[in-house]
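Each of the next two complexes has chain A plus one more chain, namely chain B in the first and chain C in the second.
Entry: the complex of A and B
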């Protein structure tokens, strides 16, 4: 029971066409405008704040990404919040849109497999997201050089690129989620709503829910210190189910070189550590590696579910 | 008939407990225009999707151009063009861009593709609006663009699902002309429809579908003979004569039926107007009016299914 021919036939054609479509779509322009405006606002706020500080900082350039000035949040928290929205905007009608336009059966009657269509759509979205993020990253870096009058050091550039990769992986997860919903639900409105609900749940409510669930599952016993540890670990584990948490931890590890651990740490483990001393890049990368791998894994798992659902679907339109 | 282009045997598709296609046997030869006829929901589209490998049959086997659509779908889809019911295109792209996309999916070189696309667009009469967005196109234009796609593909088999659905009379006749053009290009055409009269004019052979089964297969004339006993109908209006009695025993007459307004209907297997007239006059009756019509497919269809209903009920 083997089928013949490569499943990747037509993959690049679909991906390039999707990317071209996204680039010219009004939806994408609006979403990008939103991201650009907030990003520029956040960066200006950060620059103003940085200029007011007189303390020494070997990683001043990275502060550009992470400094917040009231009432604006920092650039990274903006991205953590808005990147999913951008990804959802790209893919929420990827598959069900083909049905409602009645193009699905015509496209699948061309010599390609469904694999090629689905993967092509995902890849097309990812290409566009990557282009946008790289542009944004370059823009912010350029803005920083201009206003701070300070070129980034080699290490800062490395950390910046690491951050860029994390952003791509993070939006890739949401792209896969939106693609999954567009496969499962036949109406684009439903799939958009479902994706947005999940986005709200993970970015806003998850951090409130995690302690609740943890204290219900592993209540803290006043007389048992270990129960506090169990509770805290469980709480963190639950919080890490959200891509938003993982993204936050990655940016923390990469953009604050002094970060030594992302979980619980005992006093004994800190013996001999010079507090506040930055880690080298390789150590920071090691620190966020599990989070990064987790995001990639989530992306692949969600895409696989979408793939299975799509393969089993009846093509009737 | 040369080697069969499409060969299906015992093809079955089951959705849960409902049987959409039930043990279908079908053989279609090269260069034919073959019509799948039947009411909505009789399994025509399901059959087509199974021929293309877009739906997996529950049982039975299919061969299209010698390939198995389940195991070698790319080979099949490279050679078979499909125009779905109410075909859709990408609204934000122009007609030409839509065809360019299809041509890329086909793997055509861009120079070759551009040539084929220009030719196809002029054949279907869309050359002047080639660079307009498809969102401005009428239903008929979209349908013709779908035919253009088949031409670009240079398909050996064209499968059209309800191609004339929702078209105005002019659009319908234009599309039928285009379908005959496909045949002239050497394609084998398989089309499905519930509009029988239209199909009659262009199909070499038809298959009548009902509840997932093929009731009858053959050229329209042959079916008429089988079901109605004749391919010709003489409408006759007489005076002072018992027509059934007069025509009794006459060679080539399959039946005489009287309708309320004094007219009668005679089913015959050839043009018997002269003989009928002579008999009526010889019997002393008056002949007021007589017209000859070819049996329409609608009639075969409804008559056939009436018989089936009756045998079902029995």
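Entry: the complex of A and C
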């Protein structure tokens, strides 16, 4: 039987309802509180450090995001670590939670396709994440203006917005991953554990695994310089499979304007180069665009897999 | 009196004899034959016959001597001078009219003579007379007035013509010789083309001089440093140097032979030394080479020191001649290496002429191609297509 109409009927209804539910849930509040506290701690440390050490810097505001003071890591590293956690917290029981509450058949009894339900759940999570991140970004910027006593320049605002978009894309990937696990596994605990182990793998262990895999696949030959290059390139390629690496490279490119390249650089390319000169924003954006595009594509692909899995599931009342 | 004189001469020393000859005015005194000491009163002078230049006061030094006699008062006067001459005796720099000489002592006296304005150049004879009680001392003097020797000075540069660039300092060694009879103080003057600086210095020293004292018959060396105007065109420039004293002056000409110098100035497009270029794509910048020097710049070659893998071409690559104050545009076509990373690179652009060169560090912001940006969009598009296919295949359940 051929069904009629758009597959995404009722998408906005589901998305808004989902977002509203998240906004009021205790889980979300706890996760957000954790992010907020760490973020404020990191920024506070950064401001102290900036006041102490940095005399003149055309990109003082960007330093706010990237400066770390012992024992606290920088704001950017906090986000790289905690954003996946926030996204997983939002979506690890998105689908299997409906099953366990036995509400799935009720929802699908409404004139809503499964397409709309899954996409709505994903979009709802993304809306909440976006709201949180924008709030956090504004909070940090405001804190910066208040304590540093100077407004950010146009270039800094552009770079800040670019950074915000990167954060959204990064957490979007993890949202899609959590959604996939909640679709694949029937038990919310299993899906949460699966998502968390993937998170641990990528954020903590991947940087250790990448050199191992690379040297196994392309061993370094002492007498062949090209093998070193092949090894380094392979290692970087493997490392870039992790969204954590991509996020790190993006923040490096955007928040450190002097970053000119993210990959392997040969000495010949540096001949005559002026070190430490900041790149124009357009060039920095061009530099991190592949990473950003990769994250967006990964998000869509993971969502598509979740979609296919969900569509093929048998749902009983 | 004459006989007494002879007696004294007979029994005196040779020196006493000479003295007695000059001032033959003394009292005959009985002397024991065994005594050889001279006794008497004399009025003497060192040079009884002398000559002096005209137009100046004449000073004579006199001495009044008393040997073995009691103190005597001597009144002084001059006899035999033509009308218009003024005379004056001095003692201890004061005018005096008489002097008292103790026994066995002498008094130094001076006689100032002022010839009248129109005194003739000839020999004048006169008598200096000292009168005391019963004695008259007479001292004949012969004074010749000679025509005054004119004060004169010469200056002689050792090397009167020097050659150099507008940047160099021209040092001339000049000898100033005072050929007059007296010491003179010379003012040092110079006339130079506008913008030229002339400084007089000691020969071995850095002190600048404005005047120079030179003793009669002596000479002094001094250094004349001439700094030409910065923008002096090639050519010969005379500098008149003068030494002037109230009595005399002399001048000489020093010549500066300035050879021109080319000076290149390289300027970037619109005066800026930065530009943008895309990696792997050629971009043309217009450089301007000016000659700010004073001579034409010959054979100016353009070259660039660029990072490896870059291509830099100049059109024209060689300029035959750039006249002073002329500007020539050169199109520099730069192609950054396609491996160049985004950001700033420095390319050193050089203009080398004969004896003149200039270089400029040109900063190029390399932009990377947006091709990869499109590729990223393609990746996202592919993902969306996969989603769309999934939706059409499994959608609407």
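The definition used in the following text is that the second predicted complex is superposed on the first by the 312 of 317 C-alpha atoms of A that agree within 3 Å, B and C clash if a C-alpha of one lies under 4 Å from a C-alpha of the other, contacts with A are read in each partner's own complex, and residues count from 1 in each chain.
Methods note: a residue touches a chain if its C-beta (ideal position, glycine included) is under 8 Å from a C-beta of that chain, and two chains touch if they have at least 3 such contacts.
These numbers come from a predicted model, not from an experiment.
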Mind checking the superposed model to see whether chain B and chain C fit together on chain A or clash? fit
Is A:215 in contact with chain B, with chain C, with both, or with neither (first, second, both, neither)? neither
Chain C, chain A and chain B - angle at the middle CA centre, rounded to the nearest 10 degrees: 170
With both complexes overlaid on chain A, does A:17 touch chain B (first), chain C (second), both or neither? first
Tell me the contact category for A:316 with respect to chain B and chain C: first, second, both or neither. first
Which partner does A:102 reach: the first (chain B), the second (chain C), both, or neither? first
Scan A:110 for contacts with chain B and chain C and give back first, second, both or neither. first
Determine, under the contact definition given at the top, whether A:271 touches first (chain B), second (chain C), both, or neither. second
Which partner chains sit in contact with A:135 here, chain B, chain C, both or neither? Use first/second/both/neither. neither
Quick one: chain B or chain C, who's touching more of chain A? C
To be precise, I mean the smallest distance between any C-alpha of chain B and any C-alpha of chain C in the superposed model; what is it in Å? 7
Chain A residues touched by both chain B and chain C? 3, 5, 113
Which chain B residues qualify as touching chain A in the complex? 45, 49, 52, 54-55, 70-75, 77-78, 80-84, 86-92, 101-102, 104-107, 146, 149
Chain C contact footprint on chain A (complex, rising order): 3, 5, 7, 113-115, 260-261, 265-266, 268-274, 277, 279-280, 282-283, 286-287, 289-290, 292-294, 296-298, 300-301, 303-304, 307-308, 311-312
Taking the touch rule as given, give the residues of chain A at its contact with chain B in the complex, in rising order. 1-5, 9-10, 13-14, 17, 21, 24-25, 101-103, 105-113, 314-317
Taking the touch rule as given, give the residues of chain C at its contact with chain A in the complex, in rising order. 306-310, 337, 339-347, 363, 365, 367-368, 370, 372-373, 375-377, 379-380, 382-384, 386-387, 390-391, 394-397
